[in-house]
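The following blocks contain the structures, represented as structure tokens.
In the two assemblies presented below, chain A is common to both, partnered first by chain B and then by chain C.
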Partner chain A sequence: MVITALPSIASMAGATRVLRGIAITNPVGDRSLTREQEVELRRAITERALTMLETEFSRRSVWELKPGEATTTP
Partner chain B sequence: MKVLHYVNQFFAGMGGEDAASTPPVLIPGAVGPGRGLGLEISATLACGDDYFAEHEDDALGQLLAWLDEARPDVLVCGPAFGSGRYGYACGTLAREAFRLGIVSVCGMDPQNPGVLAAQGKAYIVPTSANVAGMRDALPKMAALTVALAAGEDPSAAGPFLPRHVRRNAFAAETGADRAVELLLAKIAGDTRSEIPIPDPGRIPPGPVLDIAAATIALVTESGCVPRGNPDQLPSRHARSWHRYAIDGVASLSPEHYESVHGGFELGAASEDPNRLVPLDALRQLEASRRVGTVHGWLYTTTGNGTPVAAAALFGQAIAAELNEEGVDGVILTGT
Partner chain C sequence: MIEPRIIAATFVLEHVPDLVRYGSKPSRSEEQFATAAGKGRSYDDAVWYPPNQVFIGNLSPDALRDLSRPWWAHPGDAHAVGPSGEIMGQSQFYELLARLDVFELVELGQSAAVGPNDLPLFDAGQQIGVFHGAHEEDESLSARVLLENLACKASGVHALDFLLKQKRIDPEGITYCIGAGEEAVGDRYQRGGGGIGRAIAEACGLEQAGGADVKAFCAGPIHALVAAATLVATSVHRQVAVVAGGSLAKLGMKFLGALQTDAPILEDVLAGMAIVVGHGAPSDPVIRLDAVGFTSPRSGHSQQAVLEELVAEPLRRLGKGLRDVGVYAAELHNPEITEAAGGGDVPDRNYKMLAGLAAVNGDIEREAMTEFAIAHGLPGFSPTQGHIASAVPWVPHALKRFEDGTLERTMLLAKGSLFLGRMTKMWDGASITLEAKNAD
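Then we have the complex of A and B:
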């Protein structure tokens, strides 16, 4: 699976499991947060990445970070 | 017009998988599908698919020596349809023949790995995935061969897969006019591009079944390397990827890791390289048994100005290694 802030490019290039990252310069971090908050964010992103790996997909899919947010299929 | 034809052991009539280890042979005249091309084939080169895959340097050395001696106007390869090993041999041979100044016409399914192996150095006629498309493929390959041998524009002779060659041409309107036109069209719901991006049409691979027992690898194109960049990974147009041992490494500290990527601002990454590759978080999840094991190597390259075809070759090579090492899943971070 791929974590990137540019999910449409990853999908066009053929990636099948894509998770939207935070930013181009820091896909799995956010320097505006406190250290503790950022570590927690990164743990949550990585946890979501693992969930994508263990999920069966029939089509190429892009997930947002929060489970409740829209899931799109390009 | 002098034409040589490359086929595998099966189409040369030497046998099936039992003959796949046959080293290269040179056969006078046309054999098998070569007879259906309707061209005068001066000689046929044949090689077992397994032999080519397992002894690529030896096979290429012999085949290229024969090609160099014969100096044909065109080398025809295949058609290989959906056969991966055969297609790979065709694409690789065509690419190397190009370096000798010999132009090639191949036939294969657009998803065949041989398309990537050819690296745009061959004219590849798209075919069906199986041999049922033989009768359709041969006349198209022949027409392209005749045009190339005559020095004519090949694009008038029929379809071939994109060769990723860009040529300068004059457009009627300036780039600014065309960009505004594309933007207005997009706002109106018509999304177009002057540079078409091929749809690889892949379907997702199956899930990792038991992730609490799985080995997960970290791969990145963010240019993340040990501080000091020991292998001189370039900041753009990388032609290689590297791997670094992360056994026992809890976190990608800025004292020991950095990014050399030249395609984005490195401030956030320099403060904490875990913002590019979530090693610290994955270690936490390993400790809490959410995931089995973090693979002992971090795979890295710089994805900056890299053609998709070249990046795909990196990916294939990395995936082959990871497969061999028993890795079950990959988290790849992109910038």
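Then we have the complex of A and C:
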């Protein structure tokens, strides 16, 4: 399970479960947010990552943070 | 024909003091470089350094004019993230190198063994990993060359990723990516074959993008912008990215100068750039394809003739004179680095020559030359990263000025030292003019 701002690289390296992070220098944070908003974002990313760990995948998948934006790559 | 516009530009820095030893000059001057221990800068010192703050957009270039020299002696409160870029620290950069490496070149960890074809990687004096060469005999695939190339890819990826996130640009909407850096990627049978633009695009998720590299020494980014603007204007592509990573070979290039003074080694950063050309919004500046400047063999080796071809002649096509350009961006090397090594103030010299051209062509009076050089010029603020220092770091600042309505026309001009490659003695050069929608 990889959280990264560069999901195509993680997929290429063989990771099955990839969650798109925010940016290279801060994959699970966003400095433009307030402290409270950022805590909320971190929680959302972590929970999303846990959901991915509980999910069976038959092929490499890249997920976005919001469930509605989920995409799967071959 | 579509009017091509610059819609976003980012410039980033990677603070890599422990990679300075692998710069060309330090690695050739090992004994002298050993005496430079203690001349390195901390990450915080690199962040607040005023020219670096200008580079990432937290300060305007003009702010440097009001700041007494040396600039490195002005510690202040500063952020590592700016509106058009950010400064990454060394350990994070090593992680990025490892993540972008798809050929098991980078091995992080203190237990990694250094083989005869490898280079040790250090962080704060400790060995933290190894960079492996990919071939015993092929110099193009040696650890030194591949480290240069991967560092170039990584800094380019950092810049493009920052741009996509900051400006909320859909990576799949960019369908062509031009690499404009100076690194020669390839093996011994096709040294300099290219592909770095493609590699950067792939890593940044530009799933729809083709691309190629444009090589033109320091003028590479300007030639690449001309190509990008042409592809957009002719509807071949809707959005094109021009990207370039930093030059590891140039780290510590002038460190001998720093040894003579109290100054720290300021060439401890790699730079990366990304610029997107597309249809854009009406407030984005247009690249005037009817006023592109190139040098030709007829200007020979004369600097004055080169400037005539790059500046005066394209402006004549627009029916304009030299005073009609608000700001000229030429080579923007930080004078604090070049002066210590005896190279003088490169931007200042360029603007004096430009003012000379304006006087010769009758655009201004001879007495107004100094005033012209300041009013239409910029102080140097870019690290000495070759192609990156050439005019383009002005672009994010220009975009802001166009948005504010305080800039109507600006010209970017870059020169390339073709003679360094020993194939011709010519100078190369290229220029583009950006204009606001309602420019007179």
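By our rule, the second predicted complex is superposed on the first by the 72 of 74 C-alpha atoms of A that agree within 3 Å, B and C clash if a C-alpha of one lies under 4 Å from a C-alpha of the other, contacts with A are read in each partner's own complex, and residues count from 1 in each chain.
We adopt the following convention: contacts are C-beta pairs under 8 Å (C-beta built on N, C-alpha and C of every residue); 3 or more make two chains touch, one makes a residue touch a chain.
Keep in mind that what you see is a predicted model, and the values were worked out from it rather than measured.
Look at A:8: by the touch rule set out above, it reaches chain C but stays clear of chain B. When the two complexes are overlaid, the chain among chain B and chain C that reaches more residues of chain A is B. Common to the chain B-facing and chain C-facing surfaces of chain A are residues 4-6, 10, 12-13, 23-25, 31. Considering their complex, residues 1-6, 10, 12-17, 21, 23-31, 38-39, 42-43, 45-47, 49-50, 53-61 of chain A touch chain B. On the chain C side of its complex with chain A, the touching residues are 81, 86, 88, 92, 96, 99-100, 102, 157-158, 161-162, 165, 202-205, 207. Residues of chain A that touch chain C in their complex: 4-10, 12-13, 22-25, 31. Partner chain A is touched in their complex by these residues of chain B: 197, 199-200, 202-209, 211, 214, 216, 222, 264-269, 271-272, 274-278, 280-282, 284-285, 290-291, 308, 311-312, 329-335.
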